[in-house]
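Presented below are the structures under discussion, each in the form of structure tokens.
What follows is a pair of complexes built around chain A, which joins chain B in one and chain C in the other.
Up next is the complex of A and B:
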């Protein structure tokens, strides 16, 4: 039914089609037409609706073009096996399934929309179609389990560098892997890992970037805490360009990490940090604490100087900049 | 068909039933009878076969009794939710499914037999029915991902203490979690963990113990490297008693770990170690090295002193005692 509405509207591109005509041609009620239009809006279609004149198709959702990503890709491994979907519940879930089926390192899963996108701490990741990047990268680094959190920080640096290069906006990293512009979240990272005893088996690095979302695309509760590249830069970006840039930066850092360990990654993370040398409040499983975030620990933890001058290490927790 | 054979044999418990009679009563060929008898032997049934007289049922497989485990259990959490199966492909796989369905900390999965039991490094864990313990314990400790390998060591100490207490045999731990008697493996441990960024989500601690296996129960390639409690102690053990003891020891150490951290666990591991102060060869992802295993690292790694006197840390690898 939605496809039929789109076909009729595209035949009349630029002009209005009345609800009555749609109702007659599709042989459904006016209410049914209205419901399908509402569903199409959810899918990213934009309609102008004018009383007595009807509906006019203003914009069709922008589709991700896998061939364009391939054309732009300058990596040797990451993203060469590419699975692009219109809709997924979650690119993370799909990537885990692909690993179970034998997917290799560098395999990338992208969806134009997620119906149940996953964020940190069981939160939902808002994933409307046509305007964001929702992707999951499969990695199988041969590192001990203890070092896994270092890859969370590596991912944050890769995304930060790609965004700054393409969008020329000032991005800072909040420990461990939140990317912020002016205190608002521009990007979410979620590394899900699976290990056996002391050995890491694989990682699925989930990345969500608000690229071309406009303020109206956010639910009210997110407007004050989330932003997009389009909002910050004042213009739209080609999502495929950003995807290719993220993979390039990721691969370069991943190679550096493999060759030289965490040292250079730590320096880059610290250089791009929004949380160092600042007062922070940290919520951990053991309780809350306040102090000054001073540096990264060798294993990727955050060294926080407390009011009494002592230093404490945060391995896991939620950081709030004060 | 197998059930019918067992019913007939149990009616004639103690005496022989000829293959001809079985063939006639079941209305199948003699060859079919022979095949079903072979399959029943795989299931743990023992038959005496005498030419011209036929088959005599000598022993039926010992079944695990959940009610006996419950009766013996002295824990406050671990094992209180208990799933006991005759046959599973793998108790690990089932436990992961249960976590996805919301299973809580302490949930225990036991199978009398596994058809695809999993060992370390993708190896198969030999899991014949009636004689071994194959179980998976679900844990959701609130610890940072970096500390997960400490639980692998904790599991090894728990099993070691339970086995020594019940079977009075000399068990030593080979880093990280192999339990050995006289250089042969008595027990396998496999901790599969799932994490999100720097936070551990859950662990499935898989444990396999050769309890009442006899030398003939092992395939030839395992006879020189594996052993059982029955072989070592010279008599059979009640599996339920050992299961309850493992859970008790595990819970006590898990509580100690929660309250006091890794320190006391490390001391207990070192006290039960078969690999410390001994020459070892270690295969890691980066290559092989030889030295003397000196101590456990704070994070659970193995400190190895090389021939040139320098100390190196092993976070992941296979240790061979020399």
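Up next is the complex of A and C:
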């Protein structure tokens, strides 16, 4: 039904089509037409509605173009197998399914829109259509399980470098993997891995980037804590260019990690950090502590100097910049 | 160079046999695994310096293959745990926070008495925002849960006791 409405509206691009005509041509009630128009708006279509004249299609949502991503891609593995969807509940969920069906390392899942974009611990990732990048990368590194958290830091560095290169905005990393511009979140990273018998089976690296979202695209509760590249840079970006850049940076770091271990990744993380040498408050499951974030540990943990001068390592917790 | 996973695999296999010593040479790499008892025992010294400082140090015999510099791997402590009345221990493969459920308020993955298969997810261990799903590894029944939701767990710390079927 929605497709039929779009077809009719496309035929009358620039002029109004009355609700009555739509209801007659589709053989449904005016209320049903109104409901479908509302659903299409949710999908990113913009309509002008004028009483007595009807609806006019103003803008169709920007679609991701897989062929454009392929054209821009400079990697040898990552992103070569590409699954692009208009709508998914969550690219993470889809990626896990694809692994079960035998998907290989480097497989990338992208959606123009997520209806149930996931953050950590059941949190929601706001994913309006056509404006952001919502993607999940499947990795099968041959590393011992206890090293895998280092890959969340690697992912943060990769995204940070890609964003700085393409958008030329000042991005900093808050431990372990939050990307901030002026204290607001620009990007979300969620790594999920599956292990059996103390062996890593695979990792799904979920990445969400606010690219062309405008202030109105955010629900009020997110406006003070989230931002987009378009808001920060003052203009829109071609999402495909960013996707290709992220994959390129990711692959370069991933190779470096494989060859030389965490050392170089750690240096790059520290160089791009927004949380080092600053007073922080850390909330952990065991309670809160305050101190100065001094450096990254060899394993990726955060070294925090407490008021009494002792050093403690954080492996799990929420860091707040004070 | 031997992969850490391969070495661990060999050690597990050795645990199941009466072999005491295994020596392999392959393309210039040399690996010697000796079971505890006869000579010096291998590995594992979780140095508890601070509550937030779960460091696992791995001395000599083998260097970790990839990612040099991390808290290097450690051998299985399993050998000592086998007397536990035939119960299988699911241990934490990493330092991190133990989560019993996929999200706050959701039902836990398993409870006491839950029947599990080797592919059943029993918990999530979170470290540095990596959510790692842990599978049961055996078919059986959860008879005890040894840690609390939200608790920080160490590498190798037992999480569940499973009565294998």
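Everything below uses one rule, namely that the second predicted complex is superposed on the first by the 320 of 322 C-alpha atoms of A that agree within 3 Å, B and C clash if a C-alpha of one lies under 4 Å from a C-alpha of the other, contacts with A are read in each partner's own complex, and residues count from 1 in each chain.
As a working rule, a contact is a pair of C-beta atoms (placed from the backbone, for glycine too) under 8 Å apart; a residue touches a chain by one contact, two chains touch by 3 or more.
All values derive from a computational prediction rather than experimental measurement.
> Based on the superposed arrangement around chain A, label chain B with chain C as either clash or fit.
clash
> Looking only at chain A, is it chain B or chain C that touches more of its residues?
Looking at chain A, the partner in contact with more of its residues is C.
> Touch check for A:285: first (chain B), second (chain C), both, or neither?
both
> Between chain B and chain C, whom does A:197 touch in the aligned arrangement: first, second, both, or neither?
In the superposition, A:197 contacts both chain B and chain C.
> Let me test your reading of the model: by the given contact rule, A:312 touches which partner, first (chain B), second (chain C), both or neither?
Only chain C is touched by A:312; chain B is not.
> Looking at A:263 after the superposition, I want to know if it touches chain B, chain C, both of them or none. Which is it: first, second, both, neither?
After superposing on A, A:263 lies in contact with chain C but is clear of chain B.
> Which partner chains sit in contact with A:152 here, chain B, chain C, both or neither? Use first/second/both/neither.
both
> Touching A:85, do we find chain B (first), chain C (second), both, or neither?
neither
> Could you tell me which stretches of chain A are touched by chain B in one complex and by chain C in the other?
Residues common to the chain A contacts of chain C and of chain B are 120-121, 142-149, 152, 176-177, 189-199, 285, 299-301, 315-316, listed in rising order.
> Provide the residue numbers of chain A that touch chain C in the complex, in ascending order.
120-123, 141-153, 176-177, 189-199, 203, 257-258, 260-263, 266, 284-286, 289, 298-301, 310, 312-316
> Can you list the residues on chain C that touch chain A in the complex?
3-5, 8, 50-56, 64-71, 73, 91, 93-97, 99, 102-106, 118-119, 126-135, 137, 150-152, 155
> Quick check on the complex: what are the chain B residues that touch chain A?
Counting only chain B, the residues touching chain A are 120-121, 142-149, 152, 176-177, 189-199, 285, 299-301, 315-316.
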